[in-house]
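Provided herewith is a single structure, encoded as structure tokens, for subsequent inquiry.
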Amino acid sequence: MKISIQINEGPYQHQASDSAYQFTKAAIAKGHEIFRVFFYHDGVDNASRFTVPPQDDRHIVNKWAELGIKNADGSDVELVVCVAAALRRGMLDESEASKNGIDGNNIHPAFRISGLGQLIEAGIQSDRLVVFGD
Amino acid sequence: MKISIQINEGPYQHQASDSAYQFTKAAIAKGHEIFRVFFYHDGVDNASRFTVPPQDDRHIVNKWAELGIKNADGSDVELVVCVAAALRRGMLDESEASKNGIDGNNIHPAFRISGLGQLIEAGIQSDRLVVFGD
Amino acid sequence: MSTKKFIYLNRKAPYGTVYALESLEVVLIAAAFEQDVSLAFIDDGVYQIIKGQNTDGIGMKNFSKTYHALGDYDVNKIYVSAESLEERGLSVDDLMPLTYEDEDDDWAEKTSIKIISNVQLTKIMSEQDVCLSF
Amino acid sequence: MSTKKFIYLNRKAPYGTVYALESLEVVLIAAAFEQDVSLAFIDDGVYQIIKGQNTDGIGMKNFSKTYHALGDYDVNKIYVSAESLEERGLSVDDLMPLTYEDEDDDWAEKTSIKIISNVQLTKIMSEQDVCLSF
Amino acid sequence: MLHIVNKSSFERNSLKSCLNTIDDTSIILLIEDGVISAANNVNSYMLADLAADSRVFALQEDIDARGISSKVADNIKLVDYAGFVDLVVEQGTAVSWV
Amino acid sequence: MLHIVNKSSFERNSLKSCLNTIDDTSIILLIEDGVISAANNVNSYMLADLAADSRVFALQEDIDARGISSKVADNIKLVDYAGFVDLVVEQGTAVSWV
């Protein structure tokens, strides 16, 4: 089955991102396709490549970026960050940074900034959309 | 009177930072001294110089950094970001970035990263400590 | 693209958290996708569409007028929980008049708001393909 | 530095949000400042010090053992709400045995936990200089 | 002591918990979504008792934002941010029921 | 329909709101702090009725994390993350009461 995920909260403050990650891993292990993970609201903060958790704690950003996020057919799971939510929370990729005259960027390369339409499209294209939030 | 403020939530998602800002402005207008504003939990995200809100919306980070945050005697209001909370949420100044091998930093220069001891010290040195959170 | 039934559940008061605003942003984008869209205001979500909101004092953007645009985007199935209104001592007269022009009835202006019971809401929800709650 | 009375109110369950963990981090730092420190566990905060927490399945750090360090830091006024325990069907036997060594009594090991009523909590709170709630 | 409540009593238990620890000298201030509890038909019996005793305040700016100024119960005292500051100064230790 | 509740019913109104919209085919899954409502003495009458009808599930991993595995009411059905995925697949549209 084709499943998409929406994550509404940032890493560490709420369990949302951890739960979504465990769910995503379990879904892929069962052979389902994760069509898209859409990061909205404070969820955009899960995409920061500046994140430095304590050594004895999990690295949520890297877990999303590196581990187990390939579908059974080997395709990548799309990690999409809402651009409007990201900008007002200081999450920028190179293109948005240069557009807005900011000398730096912090979106991890495994994530992609895009519009809210990608969430709606995920709802349309997927058999299920599961939301994780506060 | 000497007052300190603790802010536990990031900008835009919760009203905490807005309320704290309005409170701080009003306290200064009344001649009180704001000893320290301490950003903890997701509150550290209020210090991001990457923040780009929509044109018709308030710029919370700049409001803290630039407007009305001088005490009646002309001294700056200290804006302190908890280092432990900041690192796990991808908020870095130059020094923390280089210590952790990250090629970039996003703390606005009006804010200063420091330890949790600064919160306790604020509690000891101030007549009041007011918390704004979720 | 196929057509699906989307419902947006708005459960939180405006301004205290960003969910009301960012939910509205989703709905307006969603309208462009020509899906079957419903909005439900339940619990404290009913405060999102109350008349006479004035945010001058809190320094935040008053986005309540944007709800009037929903009709122009053909979003005219707006459900409000009777039980939620009643618990809060509110009636339909306290709500902003949200309307649309009915193209099947010589563009007559009609109300988009329908006050529904929990039983009706249950039935409406059970018919949806995608349910996003904010 | 002068001595003040600090109380930390812990009201949230662990893991669902970070408040429990980051509150514990504050308390441990605070201990170094030799202030008069009390901790109160009320509402869902009582789950923070329940026995037998096992976080292997959720992929988060189990920090519950750190509460045992409180005694070593001379934090031994740990209040737990009787009403909150009772509402949740819990008793003191469900809690981790948090102890300290009493230097005035030949270093005898004693319990730090005191079960208190709302009336007692009200009195304790009214005697504090600083109250931080998490 | 000043008790600050920033959540709607419909959504969270924070006002209820706060009311458990009120003594004769405590004052409650409702801010942010907490002002919803200042509305007429909303406030609990216990809050109403305190309000009758002039010990419940609500932040005008947050009431205005939520469009409920005409709904506020008569005996709730309204303050602006300057009044909020005064309450913090006058009432001793502040506790925020976040 | 699958109703996902992730908050303690002591802290928030989300379980209560969810219960208002349950029909004969609805299933409830408790995750994160929501598992607190799976404990013996905690769950509401209405949740107990649904549980008796085998329609209330709780996530084992979240129960273990909170140290309440011995407290869970008998008729609550436990699932792991794989079981969570199965419920999403089998039960149609999912709604998260965040």
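Order as written gives the chain letters A, B, C, D, E and F; numbering starts at 1 within each chain.
Convention: a contact is a pair of C-beta atoms (placed from the backbone, for glycine too) under 8 Å apart; a residue touches a chain by one contact, two chains touch by 3 or more.
None of these values were measured; they are calculated from a predicted model.
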By the touch rule set out at the top, what is the minimum number of steps from subunit C to subunit D? 2
Touching both subunit E and subunit F: give me those chains, sorted by label. C, D
Which chain has its C-alpha centroid farthest away from the centroid of subunit B? F
Best-connected chain pair, where connection means C-beta pairs in contact: A-B
Using each chain's Cα centroid, which is most distant from the centroid of subunit D? C
CA centre of subunit B versus CA centre of subunit F: separation in Å? 38
Where the CA atoms of subunit C average out and where those of subunit E average out, how many Å apart are those spots? 28
Taking each chain's centre as its mean C-alpha position, how far apart are subunit B and subunit E in Å? 25
Among all residues of subunit F, those touching at least two other chains are 6, 10-11, 13, 32-33, 61, 80-81, 93-96, 98
Subunit C residues counted as touching two or more neighbouring chains: 15-18, 43, 57-58, 60, 129-130, 133
Of all residues in subunit B, the ones touching two or more other chains: 12-13, 15, 19, 22, 41, 57, 84, 129, 131
Chains grouped in pairs wherever the two touch, ordered by label: A-B, A-C, A-D, A-F, B-C, B-D, B-E, C-E, C-F, D-E, D-F, E-F
Of all residues in subunit A, which touch subunit D in the complex? 12-15, 18-19, 21-22, 56-58, 63
In the complex, the residues of subunit C that touch subunit A are 1-2, 4, 6, 18-19, 22, 25-26, 29-30, 32-33, 35, 129-130, 132-133
In the complex with subunit F, residue positions of subunit C that touch it: 9, 11, 42-43, 83, 118, 121-123, 125-126, 128-131, 133-134
Inside the complex, what are the residues of subunit F that reach subunit A? 4, 6, 31-33, 61, 80-82, 84-86, 88-89, 93-96, 98
Could you list, by residue number, the parts of subunit B that touch subunit E in their complex? 1, 3, 8, 15-16, 19, 22-23, 25-27, 29-30, 32, 127-134
